[in-house]
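Both of the next two complexes hold chain A, though its partner changes from chain B to chain C.
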Partner chain A sequence: MGGPALLEVEDLAVAARSRRGDLEIVHGVGLQLGPGETVAVVGETGSGKSLTMLALMRLLSPPLGITRGRVTFDGRDLTALPERDMRELRGSQMAMVYQDPMTSLNPLMRIGAQVAEAMTAHGVAKSEAQRRSLELLARVEIPDPERTARSYPHEFSGGMRQRAVIAIALAMRPKLLIADEPTTALDVTIQQQILALVNELRRELGMATIWVTHDLGVVARLVDRVVVMYAGHVVENAPVDQLFHAPQHPYTRSLLAALPNPADDSRPALVQIPGRPPLPTDVVEGCPFRPRCDQAREACRVRPTLQPRSAGSAACWVPPAEWRP
Partner chain B sequence: MLEAIDLVKEYPVRGSDRVVNALNGVSLTVGPGETLGVVGESGCGKSTLAKLLVRLEEPTSGRVMLDGVELTALTGRRLRERRRRIQMVFQDPYSSLNPRQTAGRTLDEVLTVHHLSGDARGRSRRVSELLDMVGLPPRFAERYPHEMSGGQRQRIGIARALAVEPQVLLLDEPVSALDVSVRAEIMNLLVRLRGELGLSYLFISHDVAMVRHLSDRVAVMYLGRVVEVGPWSEVLDRPRHPYTRALRDAVPVPDPRITGPIEATVTGEVPDPARPPSGCPFHPRCPLAEDVCRTVEPRLLDLAPGHAAACHVAARTAGQSGPVAT
Partner chain C sequence: MSHVQTVLGHRVTRRVVEAALTLLGVAVLVFLMLRVIPGNQITASLGTEASAALTPSQLAALRAYYGLDQPPVVQFFGWLGNVLTGNLGISQRTGQSVLDMTLAALPVTIELAILATLIGLLIGIPLAMLSASRPNGARDAAGQLVGLAALSVPGFLLGAGLLALVSKYFRYNPSAQGFARFLEDPGLNLQQMLFPALVLGFGLAAPIMRTGRSALLEVQSQDFVRTARGKGVAALQVQIRHVLHNALVPIVTMTGIQFGYLLGGAVVVEQIFSVPGIGRQVLIGLQQKEYAVVQSTVLVIALSFVLVNLVTDLLYRLIDPRVRAS
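Now for the complex of A and B:
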């Protein structure tokens, strides 16, 4: 990567705050992203992946809040930035696309006007914004932009809505795009079209991208690095090739083994991970994955920190060479 | 054993006299102990098919047969008696379970309604047995849906379906709402139960990888039609229909060593079922489309033993125009 990071997240913690005290949900996450780099943040329900993203965009709403840590974006500490500056940054320098496009679309406003508004809100002249909105709609492969610009979101299919949201997100050519499960609700052929489109636009704009997903398969060919989260912790952070072919954390290995192998005609039983992830209210002594881990031993009663492992890092005391088969 | 014959389902379009053909003449069979995977994207008619098979809805035309008896012709008690043998498992167990009832109560109620397992003590014994079958300890009888994980709730959903001793389970996206690690345990449970109880499955899913994992035969649906059907390895590993190929190739491969840009294998979206294209319903998106595809709808033809596809180009390549497959 080299050079200064575009985004640096250090020891970021998120908690649900109440008069009776804080309930911590994200426990000190670290993440680094160079300009133009693509990273996947992978985890199951409750892993804290989406909360971490909302926190670094400063989009948490009470009772959720950042309780600790720093987020440095393009040299500025976002946790200390006044809300006005933050609003200016969001949508121009950093943009987010969600699973449900209706989260980002105004149902009462024409699509073209919404794309244009993404630019006028950041100081682009109205006529210029209108002209560019048509270009953007064409760029995200929405057919007949002149006509479709006058449509309302409800007249669009799910795939077309997500394309419109991407046009809005990219209108100001942001340096960072966070794509939070943008294709999870879409059909697989449409998912493939959207992944191909975003990947192409990312290259074109030299944009750094964070893909947030529960599906390792989706990101295998999209990213440089993968960050695996479990129960509010980063458990592994590795180059994508190493992560898939030599996972350094037993949780990562189990996640990969739980997927059916499309090349195996004998269709063996899928590898199960017994139990379920802890809730934020559960108290787990030591490693949060210990109760479900097939490699757990005495040492794991102490919570592991991220250890350097090959070209990445893993929060596990036991290196793969010492794993039981 | 379970047979759908030329099922058609039309829904009226609100505010007009037009109709939408949700199902356009679908014929399928599921043999004893067999798993038929039905795969397709939104709007392909797979959920409508499930509703017709359990008679949650009535077909516009066509028949559903179970063990040679026409379900679609039965009414009243005889229908209830027969229909019991086909049970449905839904995608989201949270919305299909009563939040104010314990799992034990839910199961007990099913047994009571169907006059099964005798008195309260008999039913209670049966509830424990059902929980055991789906891998849950007896104490789960006391739990409410919100006290269970997604996987545990889906186990209860399966136990409820098994309570009436069905022959066929209609599994409608049973693992789609679950996390990857939980998905594996439900898939393994389904494989085990199928072996232990000799059940037949109709496994409806949009997930090609899961269909590949569980099915003996696979039917691919597109816009209310079966466009390809055959043994799982033939259909998914050597597809004849260009849509099956596109669908399979759209599944992301979990291997970063495959290089090169990600490219869409099929362009455009599924057409509006209220305005289906002329000829082959897939022709506007098909890379192989020819003139004939724009005007003549292809019939489902046997291209190899037990392997049929509805494609003019595939039929010509196979060099035959055999009899209509069932």
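Now for the complex of A and C:
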């Protein structure tokens, strides 16, 4: 990409705080994103990807909180920013589309008012915000905006609600869009429409975008880079082509192997990774993937750090050349 | 459209039938209770030795005068029939019709109830928001403590204490003069109403605060609140426009119930502050064993309670579009 990064996350840790001490859930995540760049953050449920994104927006609610690290956005360290300045960034410079459209809209507020609020919160006059909210609803392909702006969320389907949430996120034309599994809760037919819509708008507005997903297949065509998370760690970070063709971490390889591939008859229909990811309360010595890894060695008893691997990086002591088949 | 109207019609019919049954139940209960407690109008006005002092024929004449010689069933339906035609009976003590007495006392009680509810909401909701803003923190502890105090201190203590304090140290006792009706002298009326309303409102603040706190905490953890914060909406506006609005249904329910109780007359507080409300009317009626006064007034109170419930239901519709739709 060159030039200064739009977003640079260094050693970001998130923990659940209590009087008896912190329980760390995200263990020092790093991530860079240039202006207009698109990155996927991939991992199983519970790998800490959503928490990391909420931490970027400083939207974590107690007892969850950032315990360590820096988030530099547009030259400013968000972890040190007063809440008042952070509020100004939220929704205007960085915005988020959430996982469950059924719960992420206020049930008592008209759709139009909820979209308009995203603008009035940043000083746009009310009448102007109302006019623009109609345009936004039309832009996210909601039919008959004049009428639907007066509807309440319960009168909308899941897909329509997610379109409204997207309209809210895009209202101020943010520089960074975080899409946190925006299609997980939707029907398969709707999923593709929503993905296509967000991708189109991303290109149109030139937004940098982070796609959070547990499904590599969904975003393969949409992103420049992929960051793979496991148990609160980044285990691999690579350009999308390299990741698919030459995964540098055994976990990434397992994820790829688990993708259903109807064209390949030689593989079983569904591949599973044996075992389960560790819980934040589990103590795993060394590499967090070691108990489930088919490549584990003696060296893995020491926790690996991210090391450069061709165009990316991976947290594994064993290079793919030495992997057992 | 006609289907909607039919459904609506059914609902209205059902509510009316329910209300009528409730009122009938209340009427039967009050009637029976009055007959179960010892003494009647004769002993109340002439003393318990009346039966000894009076000759049997005098006693019989009195019983006939008060209608006590009739079988209870006849008494009940006689009274109920009168009530249904708008005749609530006559108070022998004052010679006034119970309808006139009630029409004079009810507005006073309604005014007191409204003032007390406003005060209760003004104290209770900010306290609830303060408590919920940082659960289990210092603010929460302080809010909960005030709530607990309001719940624990009985009205007669607070009322009498307040009255004693201001009259002793400030020589201020607006109730010393005769009661002023709002329409006659609003200034004096509000002065006279302030203290009883404060006492009742403080007691009301406690349940509102507790209901509000738990409702707010529940709403705060919901996804749409995060969406609002994610838009960059300021914290206080998120609290009011999104959190409080969604927590209103349980708060309105609690307030409605409490308001209904207040319409029943705050007997103790009305007595302490000499407010001629409906509570005092029932109390005096009971002391004098004026069956008609007590029965009819309690029925009016029950009717107000039913009406308040109806208004609460309408408020739900106003607050939540999903209720409107269902």
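Keep in mind that, in the parts below, the second predicted complex is superposed on the first by the 316 of 325 C-alpha atoms of A that agree within 3 Å, B and C clash if a C-alpha of one lies under 4 Å from a C-alpha of the other, contacts with A are read in each partner's own complex, and residues count from 1 in each chain.
Methods note: a residue touches a chain if its C-beta (ideal position, glycine included) is under 8 Å from a C-beta of that chain, and two chains touch if they have at least 3 such contacts.
As the structure is a computational prediction, the values presented were derived from the model and not from experiment.
In the superposed model, A:190 lies in contact with chain B only, and not with chain C. In the superposition on chain A, contact of A:221 is made with chain B only, not with chain C. Once the two structures are overlaid, the count of chain A residues touched is higher for B than for its counterpart among chain B and chain C. When the two complexes are overlaid on their common chain A, residue A:256 makes contact with chain B while staying clear of chain C.
Within the superposed three-chain model, A:241 lies in touch with chain B and out of touch with chain C [touch as defined at top]. In the superposed model, A:61 lies in contact with chain C only, and not with chain B.
Legend: residue contacts after superposition of the two complexes on their common chain; A:81 is shown touching neither chain B nor chain C.
Judged by the touch definition given at the top, the superposed model places A:306 against neither chain B nor chain C. No residue of chain A is contacted both by chain B in one complex and by chain C in the other. Against chain A, the residues of chain C that register as touching in their complex are 220-224, 226-235, 237, 241-242, 245-246, 319-322, 325. Interface residues of chain A, counted against chain C in their complex, comprise 54, 57, 59, 61, 83, 87-92, 95-96, 98, 100, 103-109, 117-118, 121-122, 152, 154-155, 165, 168, 171.
Against chain B, in their complex, chain A makes its touches with residues 44-45, 157, 159-160, 187-193, 195-196, 199-200, 214-218, 220-222, 240-241, 243-245, 254-256, 258-260, 262, 265, 267, 269-273, 276. Within the complex, the chain B residues that touch chain A are 41-42, 149-151, 179-185, 187-188, 191, 206, 208-210, 212-213, 233, 237, 246-247, 250-259, 261-267, 269-270.
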